[in-house]
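Have a look at the structure below before the remarks.
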Amino acid sequence: MSEEPVFDTQGVVKKFMYVNRRAPYGTIYPLEILESVLVAAAFEQDTSVAFLDDGVFQIKKGQDPKELGMKNFSPTFRALAGYDVEKLYVEKESMDARGLKVDDFVVKVRVVSAAELAKLMAEQDILITG
Amino acid sequence: MLHTVNKSPFERNTLDSCLRLAVPGSAILLIEDGVYAALAGTAQTAKVEAAAKTHEIYVLGPDLKARGFEESRLIGGVKVVDYGGFVDLAVAKGTVNSWL
Amino acid sequence: MKFGILVNEGPFNHQASDSAYQFAKAAIGRGHQVLRVFFYYDGVNNANKLSEPQSDDRNLVKLWGEMAKTHKVDLVVCVAAGMRRGIKDEVLAEGFHISGLGQLTEVGIAADRLLVFGD
Amino acid sequence: MSEEPVFDTQGVVKKFMYVNRRAPYGTIYPLEILESVLVAAAFEQDTSVAFLDDGVFQIKKGQDPKELGMKNFSPTFRALAGYDVEKLYVEKESMDARGLKVDDFVVKVRVVSAAELAKLMAEQDILITG
Amino acid sequence: MLHTVNKSPFERNTLDSCLRLAVPGSAILLIEDGVYAALAGTAQTAKVEAAAKTHEIYVLGPDLKARGFEESRLIGGVKVVDYGGFVDLAVAKGTVNSWL
Amino acid sequence: MKFGILVNEGPFNHQASDSAYQFAKAAIGRGHQVLRVFFYYDGVNNANKLSEPQSDDRNLVKLWGEMAKTHKVDLVVCVAAGMRRGIKDEVLAEGFHISGLGQLTEVGIAADRLLVFGD
């Protein structure tokens, strides 16, 4: 095993935005990226999550993948608030194109236009897509 | 023939290719992320409704349920099948093409 | 009826392996025969015995192995795809064996239907 | 190791069509599927390859991935004729949308319309997508 | 900001999403199968030409060469860079978003 | 400048790992520092020491290991993603080590830029 370097990150707070563009269950990205969101929050970074494109399906209410033998990870989104991740953005254009309404979501989100989200993205230090 | 489509029509071109290359009368089964194509009231609905006039459209129930959608949100005329129904379609319809 | 199945993706990352497994299970449940499942491309990762999913998650490597044992389904890992990706005898799970692409063509010929599951 | 069953395939000739829809180099599918085409031909099956969607880029002339450390596998398409794989179809709609002409290809192909290709696909026993 | 797009615009929606979410003036680098978006004379050309009016569009040369296309087939105004140029863009343009 | 790199896909199947490697090499060539490469999702397969590509093909597992050694690039395999996919100490290639997701956040904080390579 190699030696593990430790970087000096003391007191630095950066803007981390997770860019969630994929549908749940078809691939594992939405599940695994969520673990990373929680860790960034635990490191006390200024963490936000943007749901756009098929990513808006990640927070659809009523998910039940039991018959597939898979885990329903959508309740974890509700746990984000407990980690102070309250900046959850949904792009309006993506939501509308998919026939979804705010009532369809398992968490409280802020619906923003593509132009607003573009501005928010441009303000970040770190953008993580998965 | 049976065609399966496993990708979201919002993300990829596979459904378009399937609709272009499926001879009239063949069956199309939407599985995995492909099930989103079966929803009413989306930007893809009109295309799928038009396709339903010349093709039998099926959707895999367990995949729909996993993603949190009830049958009431589906386009009229789309039939829901379980994995047993998927097997029956593969038996009944002849050669299967998976649009990957 | 006799089925052959081709799996193009590894477990977990894509749903392909899950769908293939559920299809095979349902086919057997309907009284059909699944002659062979051929694992190609990243599909070879289905045969990694070191795979250790979380305790409340499904374990596809094991599920495939059990199906092979109970229902005499032949599980073949493509040798060339496996070499490239490090799926070799050292990590091969029970129920799988490594062989050439001829095994895919063969099951295509022998089966009534060949189904492909992938990304 | 499990015992390997041998199926009786003696004298059976089926129609195998490979449905090549992906661009080269971005993923390995086009390279690995080609090995399977050669094997099907070696088993004396009635083997054909359809290039459609981004699959038409697989046979573009002049590929040179040396700088990426990758292998140029496009010359192998020319070897197909030696294996009696002469049924190479290109869908016209896909070719036109990508601004490609027959002169752009490394092999001699038959250009067919979507309607013609649909009919050919419906006549197959086995369709392999990768 | 620098945006990278690594998927073919004929196959996926990533370029569309990038163009919708990239603020005017940001740079877009086409890599891997994304390089096909830089070709002139295709069904995607008009969209990319329009985008080139508000964004700087770059294409990764080694990926273009791998796929058998010469610079003469590119849309006018698209700049070709090598991996060193990719690094320079990441340095110069600030935060990087990969449209995966 | 200091770079962090996130790799989401395994070698060979997608070009992502190649692109990440070429980018890292070019960054080092320009006099920059690559602090850490974090392998997540199927990216953990980049650390499988059993990987044996054809002799005329590139060997990404080795190339990453050599870069780690020569240029002090820290190569981290996500422990959770690796467990699931069977990338554990038994098959871990030289130059890589297994650790938690905190290592990704940490390099995001410490680096001037974080680049993601994936499917």
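By letter and in written order, the chains are A, B, C, D, E and F; residue numbering begins at 1 in each of them.
To be clear about the criterion, contacts are C-beta pairs under 8 Å (C-beta built on N, C-alpha and C of every residue); 3 or more make two chains touch, one makes a residue touch a chain.
Just so we're clear, the structure is a prediction, and the values are computed from it rather than from any experiment.
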Chain labels contacting subunit B and also subunit E: A, D
Common touching chains of subunit D and subunit A: B, C, E, F
Longest centre-to-centre distance from subunit C, chain (CA-based): E
Chain pair, B-D or A-C, that carries the greater number of C-beta contacts: B-D
Geometric centre distance via CA averages, subunit C-subunit B, whole Å: 24
Subunit D-subunit E separation of Cα centroids, rounded to whole Å: 28
Subunit A: positions in contact with at least two other chains: 25-28, 53, 68, 70, 125-127, 129-130
Interface hub residues of subunit E, defined as touching at least two other chains: 6, 10-11, 13, 32-33, 62, 95-96, 98, 100
Numbers and ranges of subunit C residues touching at least 2 other chains: 8, 12-13, 15, 22, 41, 54, 57, 114, 116, 118
Complete list of chain pairs which touch one another: A-B, A-C, A-E, A-F, B-C, B-D, B-E, C-D, C-F, D-E, D-F, E-F
Touching residues on subunit A, where the partner in the complex is subunit B: 22-27, 53-54, 57, 60-65, 67-68, 70, 74, 96-99
Of all residues in subunit F, those that touch subunit A in their complex: 6, 8, 35-36, 40-41, 68, 72, 74-75, 80-81, 95-97, 99-102, 104-110, 114, 116, 118
Subunit E to subunit D touching residues, read off their complex: 6-8, 10-11, 32-33, 36, 39-43, 45, 62-63, 65-70, 73
Complex interface listing, subunit A residues touching subunit E: 19, 21, 52-53, 91, 93, 114, 117-119, 121-122, 124-127, 129-130
Complex contacts: residues of subunit D adjacent to subunit F: 25-28, 68-71
